[in-house]
């Protein structure tokens, strides 16, 4: 499998804080790569760097072999890279369908409005929002808004999907539903880079895991390898329950 | 050469007062992310308050400062509750429009009452001479009072509980609420304070220059230019930015016709925002 | 997904079937009423209404769709007026060419300026639009070929190619009604296009829109430029008709302020909103400002109205109508 996304020696400073410190790893095409790490490790910052919201101080980001470092977010989206946000960002007064249509129009396939609407319906159905297409986004529940984030990202038919804590704030039933949705996404050939705190979910979903700590890569490997890595366990030592979960790899 | 130097020094003095006006804007912006487009009307209100105080009530000009401050404060409270309170949390467009509309109403009323004629408050104060040039006493005193007020503002924000509460809300509103700070009260206070600063700066400008009801726009613009130069939410930056603007005006006025001043200032405004999004004097916030 | 010939024909038929188009037709017919009975007084007040609707509709593209307030939108109207009047008086251009040229020139300038000031967000953009107006006004006031601060007077012989002053006034009126109709159509065309969808997304959440792939800087600049074209043409027609233009009239912020009030009153982001708002505003103004003393209160009224709308009914009249009669949502956008 070829590398769809490559992070090379990425560095980002905010004032005195080194948020990302010479980070390098690759995401292989077709895989689900999990990104874990303690709070403040730099995971969301990394996403913001990848999709162009922040600009890196040093290093490169390659998407399909093309250097996208420093490109504005809309150009990166056009290349086929979509993301969800940890704090949901719905286009509040627009309906679910309209939200997804925007994404489908301006995403990779650059569809006209009619075709985009069809793609939007498809994406909404994938996450289970097909019965709420005419609802304004602001009126959805938090779970609904999370689904909308995902549907919107999917509507653009991306090659790479960046998921930022899609499971946060969901009850167990909703979590199970989302996990199966994500498996379905992968089966459609979309590569996924996922940040998640729910250990059992990310461990069972991902083929490989990258562990981040203080902006640096702490470990990389299969879930089992990472769970048994002493450095990783130590990083999580502050939370023995989490470390146990890691080890159990439920 | 000496003429330019004199112009510069005078510009620095006047610029300080611009800084005071800008502090009003930047305080409100920094605390509640609202751009107060009633700022110009508040400045004009300060000017006319001075006029009424001196001509109708016979109060010595500088003695009018404390009551004008209080009046500006109370007026700001009223303004907050009428036009701003409901706009907090809504898209910024809304607070822009609400403060803009109040400005329209106030300036409109002002024009109806006082027309567009020029008003002048005669303040006799001995100036300071240097070579052939005299630095007007009003300018010097205005700058001095500005420094005093800036100092008091600093003490208030950094040494009193309320001041710290204001800074806390400015920094992170939700966190401040969680800690038990009555955020709405703080917001209204900050807005009132910003209004008071605007009113007082208007008063000081009134001691220095003639004015009309429509002068507010020009000084509001200058306040925004200063804010752009000094960085948002940054009172020290506002003062420095004001002095910088005064400096630029001092350098430019000998060479440029007056009608172009506004244009230059706007150009400066746009350029400053595009080139220095955080303000040229972006020191650490608060 | 390609739009084949049959698709386009089907689209055309669908357009004619949309009730909204018939409504625009009715509005335009209403404006053409004075032609039937030669009522000059009615024509003059309707002309002003047409100007208001033109300005408001185009302002709506920035304000209602993108969520950017353009306080100084009058600059398009005034500059368009100047360019048209100048081309006609100094270079003998015929009216249609001059008006069109001013539209093109102003929207090109707007594109250039826009790319600069649209990098600013929210309030700063809004304030810099005032700056653009002030800058242009200052420039024109000092620009001798355009009469400086005294302005340009047009001689009546310029009305001869149109068949004399009386006939010319009628022609200009119809042209302005046409410009108004085009403005309403432009609002509609943009709103139902992919470009419009991008603009609306920007208006909702600009950062999120960028992440979704909307090329925000370009779209905003195009919107700004597009919102300049028809007002510039209207300005050209209007000031030619007045046979006189001077900086203090051409760049009077009162008009663009009223346009903002009209858009908010009618319902920002809708198509019929500006038209409805203009009608309402004119009525209100006429009713309240009947006496001389109140003439000064024009801006006070505008301000008070705007405050009430922003505080209590930010969606304007259209939002209220849609809430009350949901069926009308498809008919009256």
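Each chain gets a letter, A, B and C, in the order it is written, and its residues are counted from 1.
Throughout what follows, contacts are C-beta pairs under 8 Å (C-beta built on N, C-alpha and C of every residue); 3 or more make two chains touch, one makes a residue touch a chain.
Since we're looking at a predicted model, the values are computed, not measured.
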| item | value |
| --- | --- |
| Centrality ranking, top chain (CA atoms only) | C |
| Longest centre-to-centre distance from chain C, chain (CA-based) | A |
| Interchain centroid distance [CA atoms averaged], chain B/chain C, Å | 34 |
| Between chain A and chain C, centroid-to-centroid distance (C-alpha), Å | 43 |
| Overlap residues in chain C, where contacts from two or more other chains coincide | none |
| Touch list for chain B against partner chain C, complex | 35, 37, 82-83, 86-87, 90-94, 96-98, 100-109, 111-112, 221, 224, 228, 257, 259-260, 262-263, 266-267, 269-270, 273-274 |
| Complex contact set, residues of chain C against chain A | 1, 3, 192-194, 197-198, 200-201, 204-205, 207-216 |
| Chain B contact footprint on chain C (complex, rising order) | 67, 69, 71, 116-117, 119-120, 122-124, 126-128, 130-132, 134-135, 138-139, 141-142, 257, 260, 264, 296-307, 310-311, 314 |
| Chain A - residues contacting chain C, complex | 51, 53, 72-75, 77-78, 83, 85, 89-94, 98, 101-103, 105-107, 111-116, 152, 156 |
